[in-house]
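Read through the structures below before going on.
The following pair of complexes shares a single chain, subunit A, combined with subunit B in the former and subunit C in the latter.
Up next is the complex of A and B:
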């Protein structure tokens, strides 16, 4: 029996571990090694250049241009997405008319949640392609809507204008993320006892005060998780920007993920691109970890 | 009175966001039946006829059909590998203690911390050196490998919640460890397997970064997956001017996922939110 147990553990553990080691662990480790070389990819030989790639990174103006856009994303994307998500979730969960049944959600809340969640099941490719067409100057729905309500003067070639292209994609990122956080926050709000809201309503608390004083403190853990995920999305942004604008016009909507991808697979500067990946990783860690420490609050026991 | 006004206001806001979310999708579907003239001149209008030939052109001429089949094949294989390997590793790590088991567990779970972009460059060469670049099974294997951290994490927690007495009784009855896993434990773990399976399905079906890095090289465009084919179509149709074909392609990619979601919406929502709250 003991022999059978060992054989069992080995046959169940070795194949998954092997797969994982070859395709996940080894590439991660190699990245750090490649980042210290000037490898160009076309020939097998390269020199170890130490921290030279990182020095070059600090003086690379295109990298700073891209990082600037990521910094805007890092501020705007979580605030807008979490704000809208909390707003809709609290409307759906406790926004209903306070009748004899007390505090409850609005009618049709389940249907709203289904619709809001739509973008979450669609691929980033599909969302990107759809919104490229949405923003098209003549045939797009955005300008079509503006013209239909008599605001035709506001119609723009959204993606062709260097001052607007970045913001246009940012709007798509918010659009595609809000529904997920509505559902996430709604689920978390289910665990808040109704009578807290009823007591607040009896005391004459406004909706804004209820959100600020009750909902947000009680959902703090969930909001933190949401922020971490949105921050990670904001610090990459490769797929959606590549599909909708490809960083253009010019470099006006370039982001660091796109920079890394084109440095590697466009220009074959694999050493430099790996250094960007490593730098991004530590940048992400150095933003997320202090944030989690700074915003730690005592968990409120119910 | 005041409550009523507030209530009308909240419904107006909620409906506006629902329209903002759903209308672009409806617009893509209606545009897939229009001709190019209608698309270019009247974005709000309805199609004057149901032009299924747009769909046929997208499916055949633009190869969306081929990409669709490729996606199905890749995801079918990757899901089987992910679920089998994930369940095997998670089960052993959850129910057997042996030297090094905690290290192995943290090795798997630690993978959740690292973003994929950190591994992209070496991964490309690992896959190429194994001769798997631009192949469907190669892509499936990579999907599976990158899904293992979360799958192992989720299923280990799940297997730990199952009662130990059943397993002990079965072993005393002379059932082998393998038999216990396949005939007793897997059926008992079904709810957990379904949640993590839905999560992995959407993760694999919607992948974009891994295919565009790994499906390169000679003749690889015949083996592109849907997300890749769709973006290529968007870029080409922009020059070629076949807008109705593009919208038909978008619709073909859109409808199956949307339908599956509407049918299984409860499981999908809980599966995805559980995935995010790891």
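Up next is the complex of A and C:
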């Protein structure tokens, strides 16, 4: 009996674990090995160069430039996305005029919820191409809209200006992420008992206070998860930046994923690119782990 | 420890086993490829008909860059190969991402037999060459040509083309197209307005004033790829002080970019930005967007190579009359005449050193270099090939006609630089960024020259990049 059960479980466990090992763990391990070589990626030949790639990494101005952009993303992307997500979610769930019907969302909440989710349905590639055209200086929608409402002086060649290109893409990242977090937070809010809000309303709490004192503490677990997801997205950002600006003008919107990619596939320095990957692995770990520790709070039982 | 079965215990045990077996296998079967086993390439009987000794029934795999020229021309060239070797099976594929698609196959030691290594996603030539991944094309170049067995293939190719694919005296890439780089305009626009293409830079500036006054922007450029504007600068510099300026740049000589001629040329073109002669918003457009604005008549001049006509085919008005001209002379005492223009090989075809059918790959290039294949290419994609006289007698499009006129006028004064294929990053990233800053007036011409020099110096210093010299 026990034998049979064991066999049964093993048949289900082994294939996924094997796939995981082959396609996830093994590339990770190999990256560590490749990072210590000067492998060029076109022949099986390479020399072991030890820590040379990492020494180079420390002095590489372009890598630091890209990391700097990721650092900005790391701060701005989660704050802006979670902030907007929470705001929209609470408006949709509890933001309506408190009337006889009790606590509910603003009028048309169901429609908004769907509209916010739209970008999530599009693939990153599509979003990238779409916004590249939207930002086009003369034919693009952004400048067109600005000109149409008489704000032509605000029209810019968005992606052609090194001081704006990065921020223009950051806006796209926020735009494309918010919808998901609106839905996530809305779902989490459903589990907060209505009577808590009603009690708060009876006590005369404003919307701001309700958000700060009730919603955020009760959603803390979800927010924390959102933060980790967004932090990881901020450390990557490769796809959207590659499609919209490809790091330009110059290196003004470069991110580390893009640097790694062009080092490997553009310049054929796979060893060096792997070293960047290893560095990023430890950087990601050292950001996420302490964050999870710091934000650990006791769960509030309802 | 009890014999009790727990989920956690099982997971731990199985994953440990999986990782263990994997760690053992990692080094054997990793991304970096297995043992370096050189498979013997297919070889057949050599004869007058088959000078390269192609094995008749060996399959041939061709990978084409699916860019400005599409892939149709390749299909008809493959048919021509098939005609010579009916038993050979030909595998054709086309992609825009040569490097991503083929890099694993190079590592694996099973690359295709012919690759059109072009486009933004091309495999870096410096790496291919320094890792000995390419076959020497000498046997092909010394073989008799298809059209006339008394003439070697080498002698059927236009001058200035082979050096582009030659690294340390070994020719490793065949640049199939003959590309002219110049300033493009609509002949219809100029005739209608009674304007004349300027022969000197002073005339250019004067004409720009007139054009601007008429409500059209005199210039636009491929803003997101500003390196397109480094071409007229280098051309003008080479014409001012002679092509040795370019030789020094290609050979990464110290202070090559700081040559007075480069500075003078940068000053001249910077004037376009200073005087507001560039279509507003150009810096935010990619090459297609800006070239399309130009086709719509929003700007009069644009710098580009002769692929422009084919690239813009879909949006060019029928009576546009696209034409190319050399860069205007900067001074009356320029070393090269006004007609001198940059002509060079483009669209590099390679045969990997480890190709299974290496001889077939070389033979395929020999077929491509026949007049029939070259003429077919020219008609299909409105672009010249490197084959001498292959376009004679063909009816050419207006743009291409102006290209051939420009080549004839330039004659032996035709010049070229190849630092961009030696050191891709130098042009694609470093000079590119400097151009972007120059034409948006974020830096001065003096700073531009300095930035380019710093870029060249950083390449020269980088010992992971192999250096090449030409003479």
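In the analysis below, the second predicted complex is superposed on the first by the 276 of 302 C-alpha atoms of A that agree within 3 Å, B and C clash if a C-alpha of one lies under 4 Å from a C-alpha of the other, contacts with A are read in each partner's own complex, and residues count from 1 in each chain.
As a working rule, a residue touches a chain if its C-beta (ideal position, glycine included) is under 8 Å from a C-beta of that chain, and two chains touch if they have at least 3 such contacts.
All values reported here derive from a predicted model rather than from experimental measurement.
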Item to complete: Would you check which partner chain A:166 touches, where first means subunit B only, second means subunit C only, and both and neither mean what they say?
Response: neither
Fill in: More subunit A residues in contact - subunit B or subunit C
B
Item to complete: Using the touch definition from the top, say if A:5 reaches subunit B (first), subunit C (second), both or neither.
Response: both
Discussion item. Is A:225 touching anything from subunit B or subunit C once the two structures are fitted on A? First, second, both or neither.
Written reply: first
Discussion item. With both complexes overlaid on chain A, does A:139 touch subunit B (first), subunit C (second), both or neither?
Written reply: both
Item to complete: Tell me which partner A:197 touches in the superposition: subunit B (first), subunit C (second), both or neither.
Response: neither
Worksheet item: Just subunit B (first), just subunit C (second), both, or neither: which does A:241 touch?
Response: neither
Discussion item. According to the stated criteria, A:131 is in contact with first (subunit B), second (subunit C), both, or neither; which is it?
Written reply: first
Item to complete: Please work out whether A:118 is in contact with subunit B alone, subunit C alone, both, or neither, and reply first, second, both or neither.
Response: first
Worksheet item: Just subunit B (first), just subunit C (second), both, or neither: which does A:157 touch?
Response: second
Discussion item. Quick check on my understanding: which residues of subunit A belong to both its subunit B contact set and its subunit C contact set?
Written reply: 5, 9, 13, 17, 20, 22, 25-27, 30, 34, 132, 138-139, 143, 265
Worksheet item: Hey, which residues of subunit A end up touching subunit C in the complex?
Response: 2, 5-6, 9-10, 13-14, 17-18, 20-22, 25-27, 29-30, 33-34, 37-46, 132, 135-139, 143, 156-162, 245-246, 248-251, 265-269, 272
Discussion item. Applying the document's contact rule, which stretches of subunit A touch subunit B when the two form their complex?
Written reply: 4-5, 8-9, 12-13, 15-17, 19-20, 22-28, 30-31, 34, 84, 88, 91-92, 95-98, 106, 112-126, 128-134, 138-141, 143-145, 148, 175, 178-180, 183-184, 187, 207, 222, 225, 229, 232, 236, 238-239, 243, 257, 260-261, 264-265, 270, 273-274, 277-278, 280-281, 284
Worksheet, complete the sentence: The subunit B residues in contact with subunit A across the complex are 3-4, 6-7, 10-11, 13-14, 17-18, 20-25, 27-28, 31, 39-41, 43-44, 81, 85-86, 88-89, 91-93, 96, 98, 104, 107-108, 111, 114-115, 117-124, 126-127, 141-142, 144-146, 148-149, 152, 176-178, 181, 202, 205-209, 213, 216, 226-228, 230-231, 233-234, 238, 243, 246-247, 250, 253-254, 257-258, 260-262, 265, 268-270, 272-273, 276-277
Response to the item:
Note: in the complex, subunit C contacts subunit A through residues 5, 10-11, 14-15, 18-19, 22-23, 26-27, 30-36, 99-100, 103, 106-107, 109, 121, 123-124, 126-128, 130-133, 223-224, 226, 280-286, 289, 293, 298, 424-425, 428-429, 432-433, 436-437, 440, 442, 464
